C-alpha cells in the first residue's frame, strides 16, 4: 500500500462560484476520487487546517505527497516547506501539479524560481510523450488532447531535468515541458502541468493515469541513511605525527 | 573587471588563537590576498557587519560571490539566503568553499542537505583532476598534494552535478568529489573542498589557481531576462469560442 | 579566427530541380554565404569529393564542423565517422543540422538512434527559446516563426541533453526539442532542426544567427590531454609485498 | 526470470597459466557461478564461438548482457557492436566490467573513448558508496576493501554519468569513479571497475552482490516502441495552401 497525501490550498473553491461548481468538495477531493486505487491509501490536507494540514505525524506517514497551490504560496510557512524538502531528501515522493511550479517546496527543491509564461483563455493543448520508455509514460499514448487548459509556456525556469517525459503544444502557438522529473537525495519529484482550477483536467482519464503512474514511480525509492557525521577512525592507518599536529587545535563544535 | 565579493563568517579567527595566527585579518583577507588579480575588483564582507555585510547595494555590485562559513550558518537570515539564490539565478556566480557545503545559500540552490562524512586530523590528500577539459581545470596538474586538510568523504549528499571537476584521495582511506559544478538559472555554481580554518590551504598556489579559474568561469554568464508574466496575446489565432468560454470566469490575481 | 568546415552530402541539389533552384551551388554554399563572418575561416566539403571531402589534413585544420546529410548517411564510411567522433572528443566542435539526426557521426557520439517522427508538408513552425541564458540563445528572440519547414516531432530518441535550448511548435500539432546540446570529451555538440532542402531556412536571419552563435560556442573549448596510459609509479608508497605478489604474473600487452 | 548472458573474450585463461589456475573454466564461468540466483537464467558466450557467441537468437533472448573483454576488443566486429547498441536502445540491460571500459559496445554507447590511467601491481582499494540511495547500492556497506586489484585512475574519459554509484580509493594514491550508470533509449548501462584477470575479485561477496543488484536494476526497463517514421496526417488541421505549396516537390526516399 502506498500512503498518498493530497494537499490543496483550497482557496478558489471557496471564493469562486464556478470553481466551486467544478470542485464542490475541493480540488483535493476531485483528485482523491480520480486517483482512487486499491494500492493507494489516500489522505487529503488543506492550507486552512491546523498545521496547514501537514503536522509531523501526517508527513511521517506519507509515501508520496501531491501538491496543488496557486495564489496562496506565501501562506505556507518556510518551516513547513523546509520540512517537506527534508522529507523528500529522505525518500518521500513529491508530485507538483500545475501552478505549484511557484510553490515553496518545489522552488526550494529545484533551486530556481520555476518561472514561466501563461495565458488563461482555455485554449486546447496536445500533450506529447517525449520519453516513452519512462515509467510515468507507461500505457500513455504518444499524444492526447486536453480541450481546455491554461497555457503554460517556455522558457520554463528550471534546472536541466533528469527526464522530460511530456511536452505540450498549445493552440495559441506555445510549447511547454509539461512533465519533468528531478531527484533530490532519495526522493523523486515529478512536475505536471495540467490542472487549472476552472477546467476539468482532473477528470481526464489520461491525466489521471499519468498522475497514478507518477505515484507508483515516486513511491518506489530506497531510504538513504545519509547523515552528516564525524568519522574519528580512518579505514587506513594514519601517521601519528599527523594526529599530533592536529591535537594542538581544539575541535570546533557548531555554535549557532 | 570582475567584481568579486568574498564573504566570511569570521568566527574562528576571533575566538581561536591558532586560527587567528594563521589568518590574522580573517580568512576573507587570506583569500583576498591570495586571489589578487589585475582582472578582479575584490571586496570582502563578514557576518558581523551590518546586513551581514551583504546589503543590496553590495549584492547588486557583485559578479561572483565566494562564501566561507562553518559554525554559524544558522545566523545567516533566510531572507539573505533567498536573495543570494535569486541573484545567482539572475546570473551572479557563486563559489562555496569547504564547510560552506552546509551553508544556507548552497543548500537552497542545490535542494539537498549537502551532507558528508568528515575527520579533522590533518591528514594529507591528493586532489585529482577528473575533467581536464573543464575551464576550472586549465593549467592545473593531473594531481597535486595538500599536506594537511580536513577529510571530507563520500557519500556527499548533492544532486548529480553538471561536472565533477576534482576528486580527492585522503590518506585515511576516503574519497570525495571535491570540486563540482551546478547551474541554476543564469548562474554558475562551484563547490570546492579545501580550506579548513586550521590549515594553510589558501596559501597553496594550485588551490588559489583553481579558485581564480572558478571566478573567471563563474563570471562569464549571460543575464537571463526571465520573469513570470501573463501573455494575453497568442502567437497563433485562437478560436473566439474558446475565449467566450473562458470569459465567464473571473481572473484570479494572486492573493498572498 | 575560427576554422569552420561545412560538410554536405550534396545529393538533392544535383538530382532535384527545385532543390537545385534553391541551392544552385549546394546547401553547403548557401550556408557558407549565410554564415560569412570576419571571425570565421570557412571551408566546404562534400560527400563526392576524395576522402568524402574530409581527409586528415582538413579535419586537423577544423575547429568546428557543420554536418548536413539526409539520404546518403550509409555512404559515409564508418572509419570517417569514428575519426570525427575522435576529433570531437579531442575538442572539435560539431553542429548537426536537420536530417543529420540520423547521420553516423551524430549517432556514434550520442549512442542512440536519433529517431523522430516527421511530416513533409511545409507547415509553419514557431521556435521557442527554452534556455535564454545559453550562449547559443544570445540575441535570439523568445520566439520566431519559420514559414515553411519539415515537421520533426517528439518522441526524439536522444539521451537527456545537457541543455534544451530551443523547442519548436508545428502548425500540425506537434512539438520538438529542436535545439539541444551535448558534450563528449573536450568537444561540444549542437543539434538544430531547421533546414529541409526544399525550404529557405538557411536564408532566415535568426536561423543563421543561431548557427553562428553555435559556432562561437562550440569553438570555445580547451583541448584535453587525456590518453590511455599505464602509470608504473604511484603517488603514494606501496607495500613491496604487493609488488612481489604481482611480479609472478606476466604483463599482458594488448593483442588485437 | 531474468535472462542473463555473460560474455567473455576468454583469452588470458587459455594463454596464461596463472589466470587459468584462477579461472579454470574461464572468467565467464567464474562469474556464472558467483552470480547464480533463482531469479536468473544464466547463459555464457565467448569470443571464439561462432558469431562471437552472440547470434541474433541469443541477443533476442537476453534481458541483461554482462561484458568482459581486455586485449581483443578489436576482434569484436563493428556489426556485432552496433547490434548490441541497438539492443540496449531497445531495452536490453548492459553491464560492462573492468577492462570493458575500452570495449566497442561500451564506447559506441557512451560516445567517448573511456580512457583512464592504470597500474597493475595488485595494490588494495577501498570502494566507497557515493550514492547510497541507488538500487545498485542496496545492501552494500558504505565502504569495503578489495585486497588486490588493478588500479584504474582518474581522469576517466566518460560523459557525465547519470549516477556515480561508487568511487574507489587506491593504496597508490589514486581515485576512480568505479561504478557509474548511463541510459540510452530504453536501456540501462552500468560500468563497474573490479575484475582484473589475475585477481579473485569475482569471488568477493560484495562485488558479486553489486553485480547482482545491477542485473536486477538493468532488467527492470520498459520497452520503447520508438521507430523513425513519417506521419502523413497531422493532429491539427493544416492550411490546404501549405499542402499545395509542398505538392510541387517530389518526396525523397532514402537512397543508400
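By written order: A, B, C and D. Residues from 1 in each chain.
Everything that follows uses one rule, which is that contacts are C-beta pairs under 8 Å (C-beta built on N, C-alpha and C of every residue); 3 or more make two chains touch, one makes a residue touch a chain.
Just so it is clear, the structure is predicted and the values come from calculations on it, not from any experiment.
Peer 1: Which chains sit in contact with both members of the pair chain B and chain C?
Peer 2: Common contact partners of chain B and chain C, which must touch each of the two, are A, D.
Peer 1: Going only between touching chains, how few steps reach chain D from chain B?
Peer 2: Minimal hop count between chain B and chain D: 1.
Peer 1: Could you classify the chain A-chain B contact as same or different, where same means more than half of all interface residue numbers appear on both copies?
Peer 2: Interface between chain A and chain B is built from largely the same residues.
Peer 1: Just the number, please: Cα centre separation of chain A and chain B in whole Å.
Peer 2: So the centroids are 26 Å from each other.
Peer 1: Whole-Å distance, chain A centre to chain D centre, using C-alpha means?
Peer 2: About 33 Å, centre to centre.
Peer 1: I'd like the Å distance between the centres of chain A and chain C, where a centre is the mean of that chain's Cα atoms.
Peer 2: It comes to 35 Å between the two C-alpha centres.
Peer 1: Two-or-more-chain contact residues of chain B, please, as numbers and ranges.
Peer 2: Expected reply: 126, 132, 143, 153, 155, 160, 162, 170, 173-174, 185, 224, 226, 235-236.
Peer 1: So in the complex, which bits of chain C are touching chain D?
Peer 2: 11-12, 16, 18, 70-75, 78, 85-86, 89, 102, 108-113, 115-124, 148, 151, 153, 155, 157, 159-160, 162, 170-174, 182-185, 197-198, 224, 226-232, 234-236, 238-239, 242-243, 245-246, 248-256
Peer 1: Tell me, which parts of chain D touch chain A in their complex?
Peer 2: Residues of chain D touching chain A: 91, 126, 132-135, 138, 143, 145, 162, 185-186, 221-226, 235-236.
Peer 1: For a test of understanding, state which residues of chain B touch chain D in their complex under the given definition.
Peer 2: Per the stated touch rule, the residues are 126, 128-132, 142-143, 153-156, 160-164, 167-170, 173-175, 177.
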